[in-house]
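In the two complexes below, chain A is the common chain; its partner is chain B in one and chain C in the other.
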Partner chain A sequence: MTKVPSTMSWRTGDNIASRPWRGRVRDYDLFKELTIGVVVVGLLVLGLSAIFSSPDDPGVTLKSWAAAAPADFVATATAELGGSSGTAGYGPPYNSTPDASQHLGFFNPQELSGVRLAIDTANDFVINPLKTQSTQLPAVAVWTAATADQQAKWAANYSAALAAAPDGDPAQVAKGSYGPVPELAGALLGMARSGNLDGVLQNSGQPYNLNYTPTILFLGDGSYFPSLAAAAHLTGDQWGVMNETGNTPGQSWLWLFSLFYQIEPFKSSPNADILVVSTMLVLSLLLTLLPFIPGLRSLPRKIPIHRLIWKDYYGQR
Partner chain B sequence: MHELLAQAPLPVTPGTYFGWGPVMIQSGNLVVILTMLALFILALILPFPGGRSRK
Partner chain C sequence: MSTVKESSPDPELAGTGAYTWTGKSRQWFLRHLPPEKLLPEDQPSYVASWAYVFGMGAVAGLIFIIGSGVVLSLNGPQWYHVSSLGHFTNSVHLWSVELFFMFMVVHLWIKFWMAAWRGGRLLTWITGMLAFLVSIVTAFTGYLLQTNFDSQWIAFEAKDALNAVGIGAWFNVANLGQIFMWHIMLLPLAVGAVVALHVVLVRAHGVVPPLDAAATDAQLRDSTAGAQDPEAKPS
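Here is the complex of A and B:
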């Protein structure tokens, strides 16, 4: 009779896994292990939480932005009116700006999703919130009565004038043809300062609102919010994916994701996100399919680190 | 909740960072990674718990 090699492979038909165990046996108490595990991990969690706490930085609101950086707020509100903000040119799912989305060759998932959360920045972020005020601004009527070209011209003129003013201060802007834009941006700043704009932009008509998308988009279009992120090392080129505010440990297991954003060609690519995600997908597939990849699956035999860990066992063989 | 958010002072806490060229690491992450490496090295060096009694 030929001796069948003892392997776990299903291809040999050896079926070693169904044979009865003939080696040594020992008692094992699952409940004891579970109890010890839960108690030890629970004590560790409570103890470490008490010592190190968790990040508790205050949220950034439109109110706090308007109070801390009013000039930036007015410049951003003007960009929203003129359709020149980041959100206005983002493409799907907010609008259909051509060539704005990231793609991998012909594969363009952002375009495939379509415009699912349509946002008209001028109306949604500025005009409609101002219309909710008890006293209606005449400037709103002037704006809505103007043609799109005229609106864009007013907003572009005022944006350029704000950029040229000392510290971007709206009070020091030179005279020009701005139409109702300064009044609209100023009124919106007043709404934000009072805290009303946070409530209006987040008002979804439901008793409980969990949709902060409009507020976050508006915040992200300014310079203030991104500068806070940069100060806390949370932007993409600062390994931000794996960081947390302060000294609290962040998502350090995302180091590989974060690494790709620091190196070329990913770093300077306009399609960085989809390139990094695709690369990670390929690497994850390689890891998942490792047992089936010749060469790679033999690595543990060639680099026998496991023999160091279980050296007692391998020492006896 | 809006009131709580609105009263919040700014800015955020920056934290301590170490950098070598393009590599930048936050102190908390560095501690976690060094601890993981130390545990791995200990797993290589120390005998398996109860391993001797099995002989």
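Here is the complex of A and C:
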């Protein structure tokens, strides 16, 4: 019998890969193999679970943030008021900050998606929560009566003063023109310390609410939450995409996605996210459609790892 | 009785084929996936390698993922914070996912080196890749559902990639209710359907022969252990 090299095409034709097998067969018990597989994998899963368990670090609350890093909380609340926080300048889908979105040339899907999850950081994160207090703060009325320019000026002045103060301590800030901002930020800190702000920011006035977007974004605008993540090796530049808290393996199958964030030109690009996601989509599509791609689909013949896989078969020639 | 049959001939017995949608569908399934293909008791002689265990390993992993996921669903996403049984179930869920992906990735690479798409097996390859990609999204939503520090941070970080490509406006990773439904209903249905289709396609097309196989394996020595040759005929 002469050897007939198999075509690498996916097409059905008159060849050995397309015809029903006419050669020898061996006994095979599908259900027995499945049962053995389930038992072996089951033992592995139970063993790994018993030995390594699973991590469960408690979440961060606005209350725990206010207690652990009050200066950072006040600086963040001030940035939310002044529109200088990460969320305030994010662009779609939270707001329409100009030139904030990522793009690939003229293609700007972030802009196209529009402001679907509208967030006004000053009102949603600071002013509206303060308005829910039983005693209305006069500073709220002063803030809302001021012009946008005046509000921005007060907040910018106070942000600069906080940054200049020792340890950013609000108690050691130099005198200046801050309007009602110190009082608003201080009152919000008080709400957070008591635990009220967690509930108010989360429920948005509804008895049931499963949407944590405001809390997560507010937390992320500060330095405390990201510093905890950095200590746990979870930030993007620490391969955080595929890491998990503790020593447990995380989403290790995202290694390539994570790798792109560590290398140029992705690493320092202002459009890093759209570049990395687009690259991964193209690579995934190439792998899915690999049988159509001449050259790539012939690699298995050129690098004969199949000789190892079918070692027994080839060995019996 | 025979007179009844004669007066109303069965289209199948008469060789005309089924004439209803149901009958035609049955015929299609029986032609493409006869019971002996769906639940075979033998396989070609070349199906004898350690390389074949990883696909079955991934299926076994998926069974444990679904089982532990069902137990977690019975009690809600925060149960495992306060119950030792819940925490162990959560660990089983995590480790079966880790093994599922490990088996699936090894299976994928082995099928690449086998060029397993040959001979009309294109859709088997594509459904396998889809199973891998949909599983990645499913696992991601699981990490967002942990209701702990890790899920908070992943939600904060992952929003940027999704927002940059315009998906974040509709698929909001910080919206626990939305992610909960995707993780316990929409995506498991998708993974289940794609994996089921993949397995059925494997059975329908059979296991791809070696790259250098001959038309039959008459070239092999007779020492093939346990091999039978029921179709011993010249090709």
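Quick note on the criterion: the second predicted complex is superposed on the first by the 281 of 317 C-alpha atoms of A that agree within 3 Å, B and C clash if a C-alpha of one lies under 4 Å from a C-alpha of the other, contacts with A are read in each partner's own complex, and residues count from 1 in each chain.
Note that in this section a contact is a pair of C-beta atoms (placed from the backbone, for glycine too) under 8 Å apart; a residue touches a chain by one contact, two chains touch by 3 or more.
All values derive from a computational prediction rather than experimental measurement.
Peer 1: Of the partners chain B and chain C, which touch A:96 in the superposed model: first, second, both, neither?
Peer 2: Once the two structures are laid over each other on A, A:96 reaches no partner at all.
Peer 1: Answer with first, second, both or neither: which of chain B and chain C does A:48 touch in the superposed model?
Peer 2: Touch status of A:48: second partner only.
Peer 1: Please work out whether A:245 is in contact with chain B alone, chain C alone, both, or neither, and reply first, second, both or neither.
Peer 2: After superposing on A, A:245 lies in contact with both chain B and chain C.
Peer 1: Could you say whether A:132 touches chain B, chain C, both of them, or neither, answering first, second, both or neither?
Peer 2: It touches nothing on chain B or chain C.
Peer 1: A:177 in the overlay: touching chain B, chain C, both, or neither? Say first, second, both or neither.
Peer 2: Neither partner.
Peer 1: I'd like to know which partner A:312 touches here: chain B for first, chain C for second, both or neither.
Peer 2: After superposition on chain A, A:312 lies in contact with both partners, chain B and chain C.
Peer 1: In the superposed arrangement, does chain B or chain C reach more residues of chain A?
Peer 2: Result: the larger residue contact count on chain A belongs to C.
Peer 1: Looking at the overlay, what does A:59 touch: chain B (first), chain C (second), both, or neither?
Peer 2: both
Peer 1: For A:144, decide between first (touching chain B), second (touching chain C), both and neither.
Peer 2: A:144: touches no partner chain.
Peer 1: For A:110, select first, second, both or neither according to whether it touches chain B, chain C, the two together, or no partner.
Peer 2: It touches chain C, and chain B stays clear.
Peer 1: Chain A residues touched by both chain B and chain C?
Peer 2: 24, 55, 57-60, 228, 232, 244-245, 248-250, 252, 305, 309-313, 316
Peer 1: Over in the complex, which chain A residues touch chain B? Could you list them?
Peer 2: Per the stated touch rule, the residues are 24, 55, 57-61, 63-64, 68, 195, 198-199, 202, 228, 231-233, 238-239, 242-250, 252, 262-263, 305, 308-313, 316.
Peer 1: Flag every residue of chain C that touches chain A in the complex, lowest number first.
Peer 2: By the definition above, chain C touches chain A via 39-49, 51, 53, 56-57, 59-61, 63-64, 80-81, 87-88, 90-96, 98-99, 101, 105, 110, 112-115, 117-122, 125-126, 129-130, 133, 136, 139-140, 143, 146-153, 155-157, 160-161, 163-170, 172, 174-178, 180, 206, 208-221, 223-224, 226-231, 235.
Peer 1: Which residues of chain A touch chain C in their complex?
Peer 2: Contacts found on chain A: 1-13, 15-31, 33-34, 37-38, 40-42, 44-46, 48-50, 52-60, 90, 92-93, 101-102, 109-110, 112-114, 116-117, 210-213, 216-217, 219-220, 225, 228-229, 232, 234-236, 240-241, 244-245, 248-254, 271, 273-274, 276-278, 284, 287-291, 297, 299-301, 303-306, 309-314, 316-317.
Peer 1: Given the complex with chain A, which residues does chain B contribute to the contact?
Peer 2: 2, 5-6, 8-17, 22-29, 31-33, 43-44, 47-48, 51-52, 54-55
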